[in-house]
Amino acid sequence: MKLLVLTLKRALWFLPTVVGLIIITFIISRIIPADPVALVAGDTATPAQVAALRAKLGLDQPLPMQLLNYFEGLLRGDFGRSLFTTRPIADDLMHRLPATIELTLAAMLFTMVVGIPLGVISAMRRNSLLDHALRVVTVSGLAIASFWLGIMLQLWLAMQWDWLPLAGRIEGFKPTDITGMYTVDSLLTGNWSAFASAAAHLILPALTLAFPALATVVRFTRAGVLDVVQSNFVLYERAMGFPPVLITWKYILRNALISTVTQIGLLFGILLAGTVVIETVFNWPGIGYYAVSSILLSDYNAIMGFTIWSGVIFIIVNLLVDIGHTFIDPRESGA
Amino acid sequence: MRTLWFLLKKLAEDRVALLGFVLILLLVLAAVLAPVLATHPGDVLDLHPEDRLLGPSGTHFLGTDRMGSDIYSRLLFGARITILIAVIAVGASLIIGVPIGLIAGYYHTWFSDLLMRISDIFLAVPQVVLAIAIAQTLGPSLPNVILALSVTYWPWFTRLVYAETRSLQNEIFIESSIALGASPWRVILFHVLPSVSSPIIVRTSIGMGFTILTAATLGFLGLGPPPPTPEWGRMISESREFLPQAWWYAAAPGMAIFVVVMGFNLLGDGLRDILDPRIRRGARDEG
Amino acid sequence: MTRFHTTVRRLGRGTLLVLALGAALALVAGCESKPDKPTKFVFANTSSFDTLDPHQSFDVGRVAPRINLYDGLYRWVDNPPELIPWLAESYTVSPDGLKWTFKLKQGSKFHDGAEITAEDVVYSTERIFGVGKGAAALFSRMLEPGRTKALDKYTVEFTLSKPSAIFLSIIPEIHVVNSALVKQHVKDGDWGAEWLSFNDAGSGSYVLDQFDPAVGWSAKRFDDHFYGWGENSLPEIEFRVVQEINTRVLGMLNGDYHGTDGYLPYDQVKRLQEAENVQVLDEESMRIFMFQLNNQRAPVSDVNVRRAISYAFNYDAFINDILSGSVERNPVPIPNNLWGVPKDVKGYSFDLEKAKAELAKAKVKPDRELTIGVLTGFNQTEQAATLLQDGLRQIGVKSRIESHPWPVMVGKMKEPSTSPDIVIYWISTYYADPNNWIGEMFNSAGWGTFKSSSFYKNPKVDALLDKALQSTDMAVRAKAYEEAARIVVDEAAGVWVYNTKWFGPYANNVQGVRFCPIGNGQEMRWVSFK
């Protein structure tokens, strides 16, 4: 019951938070000194033509009016049009979303598959050479500038040794569009050369993106396992003569997973923020790249669209994580 | 004063934290002594195009950049920029974020909820994106970068202080001082704040590292201080078109960033171990 | 070890092996898709293609769709550029220079099989005005909407509002679109702009196959093209967006790309020259690298300040050290290799003493930071700015560099109040006539376009430029341009640095590239594989 109340309370704040986000982003995007209308009108447009275009786009109205128009549009699911591609923002976002999802999933997969076992091993073999090495890696993971890591990987693995492609999603045109994720689509359609190319292109960006997340996961898994190992290990060792390794693994793994799952919100934040920079470094045509180029081009609507989209997703994820957290760990049902 | 000495002593015992402290010290020394340590102190402004893109050598320890300036010297002067950005941005975030967190945590009114929701709004968007948007809007410059970073980092302090304040409210010593008739301000300043100071210190150290990374990212995207300011992130972005031949051009500034942020992170970890062992599990607000 | 444990380990190894094998197979399969004589020509382009509509873009960076998917009445080919009849077979001009009549070739077809008629030409011309982008401003100086008529099925008549020497030069910019097809897709009176951005309504040598703004576009040979085909041609072409310099270079070295544009730092050009499977063609081109000075804003409005700026830039260091001598110094606002250049004008050189002397004479002193605008992603502009900033610093003038993407910069350059004090960029060849440079840069009627963000106003120069524009006598025109150039250089209305050389990296097995400064070597119909 208390849980329900808590959930409702948080959910109630969802809408005002989103509204507040929209307002703040709106203010920011409108103070931009550059005038994108002028450049959309074209290199050779006269001031009169520019003014006409501004009126057509509804940008000559007072700001509060523009804000209201925007809200009205949102309710219809209309995020407005990009001043540059002249296509609806919603379309632009949807078009680029699969790329970011593919990258984030790949990074998440790598992080979990490699990170959790490493964290467990590190805890089990505490203070060993491996443990110390891993601790160095985890600290580095959060100290390395991700764009620099990407560039270094590009420098060595792509430029110097030519093992992997430098940037982009795929060489050539994409496989038939089913999910929008090239690796998945090419597998589903049996397009092996496309798969090879897509997978090869995915490796460097996913690795770069995963690195800080990996560091975090190893850390938390290690901490979580250490707590368990130290408290219950002796007890279970004596229990009923079961093979200690099996029981320990099962019990420890579960706790390790729990402590990681509760950090999903955090991980998600790291990965989402990471995509912005990494997509730019690797020319990965996803939402992050879109966000950066929209900002640099002062494309008002696109900036708003991206911010609202990411904000909403983030708020939802945090909400779910908070709820999930209270389920898994009732002790910590604090604020 | 005694606690400070105790703290330092404990710090010295933790080798990893000590390493962090040393690294930060090196940063400060590099910044302060830059004119002395630099081999080509004039190269912050001077250009020698005929010497461009030379590899590391006896005269140019870390090579030269695309305009022929000595990278080693520019890195040293860049340390000043780094420290400036980190200290002011985190300091401002502290000044904004801690009081808000205290107030929101202490009082249980709709106002507290409002404050926390406002901080949620700022946290809803990746800090990098918000900082980029602000820096682009105001125009790339050093003050604007600092502003952008302060405006986007304060919620981390607020959330931390809020959570700690809330959990402290059930503590006996708080309840008793309220019962004794102490005014809210007195309670907050003299009882809550000291107890909360440990996580704040930890977060400050980690926040410095994080801020430096974000500042470098802004510089990389061209939104940081414009040339000829020797900002580390911008140097990396300049180097890209000359790779792979001029690898040192990209490697040196990146390593500098890495070493400095590593220092702050290690120190922060060490401080956390000493000051607040109960959050060893790792606070939810890692960042 | 338990049985469970051992099983897991064994399973693990086996699975790993299978996975590795599978991955290896996939990679090998991927690598084997490179046949001996390629059927598709892949070009790596620096700029992205946000629209395929030939009337919405005008810049050289995105010229490929225009010259490959569409045709014009006449066409610029080769270097030095020559105008040849294309869709038209001939033209006549009335004695007063106002009526231009073009006769179309008969039986030329659009991609959908419809015949090209004079009506299509009329519609295309009106559409340029209607859409209002691209070359519209250029045409609107001499032609008005509604003054283009189809006299019969194959004859088009343009009635100019005033005589213009450059009208024929810009005729190729009327890309003829399939009026029937476009009219079917008009939405809200947009002249079909939304639809045509992503579709093909042309008659050009190639037919659009696929397009993705984030990736690029591909096209197949149009066998029924009116010009016909020789024995050797490209069956399929693809223009891929590859913004990263290193990716383009690596791609050329790998054989992934068969051609790329020459927007590379010279170090990378050398790298390609040394590669065995890459040939780097080079030609003298016409593309001036310059600093546009804001003549309307103090202190740059003062002629002495402008001269001081002109003396404060280290041209030699820039051309010889930073660009490794791969370009030619060009001190006047017309490419050296074009007519109309006054041969006696030496221009400015790097001389700090002279710069300081000029500054001393200035009536308006530079007491604030000058803004130097550079283009994001075009590092050469930033390097030039840094060099200029250094020179200015040495004469006591402070400056600040601000970087903007090209579209944003164009927007800023529309008004003297928003345009930076100094803007660094290139002016490419849109048509091969001095008016493309000096004419558009300094005619006060053209304020607000990116070429004329000098905001320069000199009635004497206006008169000379107008005279050159309206006369059809080459000698008269040359003399007028030379005189105008002398004045403009003396008044340091801008700073002109170099004229570029075109470098064209192509795969070794590519032949037939016909470089023209206007098409930038991206006209694919002449090209084939050996």
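Note that the chains take the letters A, B and C in the order they are written out, and that residue 1 is the start of every chain.
By our rule, a residue touches a chain if its C-beta (ideal position, glycine included) is under 8 Å from a C-beta of that chain, and two chains touch if they have at least 3 such contacts.
Note that this is a predicted model, so its numbers are computed, not measured.
Viewed as a network of touching protein chains, the structure reduces to a complete graph with every chain in contact with every other.
With every chain reduced to the mean of its CA atoms, the largest distance from chain B is reached by C.
If you average the CA atoms of chain B and of chain C, the two centres end up 44 Å from each other.
If each chain is reduced to the centroid of its CA atoms, chain A and chain B end up 22 Å from each other.
The centroid of the Cα atoms in chain A and the matching centroid in chain C are 37 Å apart.
Shared interface positions of chain A, i.e. residues touching 2 or more other chains, are given as 154, 159, 296, 298. Each of the following residues of chain C touches two or more other chains: 246, 376.
The set of chain B residues touching two or more other chains comprises 139, 222, 240, 243-244. Contact residues on chain A toward chain B in their complex (touch as defined above): 13, 16-17, 20-21, 24-25, 28-29, 31-33, 135, 139-140, 142-148, 151-152, 154-155, 159-160, 216, 219-220, 223-224, 227, 259, 262-263, 265-266, 269, 272-273, 276-277, 280, 291-292, 295-296, 298, 303, 306-307, 310-312, 314-315, 334-335. By the touch criterion given at the top, residues 1-2, 4-5, 23, 25-27, 29-31, 33, 50, 56, 58-59, 132-138, 193-194, 197, 210, 212-215, 218, 238, 242-244, 246-247, 250, 254, 256, 376, 404-405, 407-408, 410-412, 414-415, 418, 448-450 of chain C touch chain A in their complex. Taken in their complex, chain C has these residues touching chain B: 245-246, 265, 267-268, 314, 317-318, 321-322, 376, 379, 382-383, 385-387, 389-390, 393, 400-403.
Those residues of chain A whose C-beta lies close enough to touch chain C in the complex are 34-47, 49-50, 84-86, 95-96, 154, 158-159, 162, 165-168, 171-174, 192-193, 195-197, 199-200, 243, 245-246, 283, 285, 296-298. Within the complex, the chain B residues that touch chain C are 45-47, 49-50, 52-53, 66-68, 139-140, 222, 226-228, 238, 240-245.
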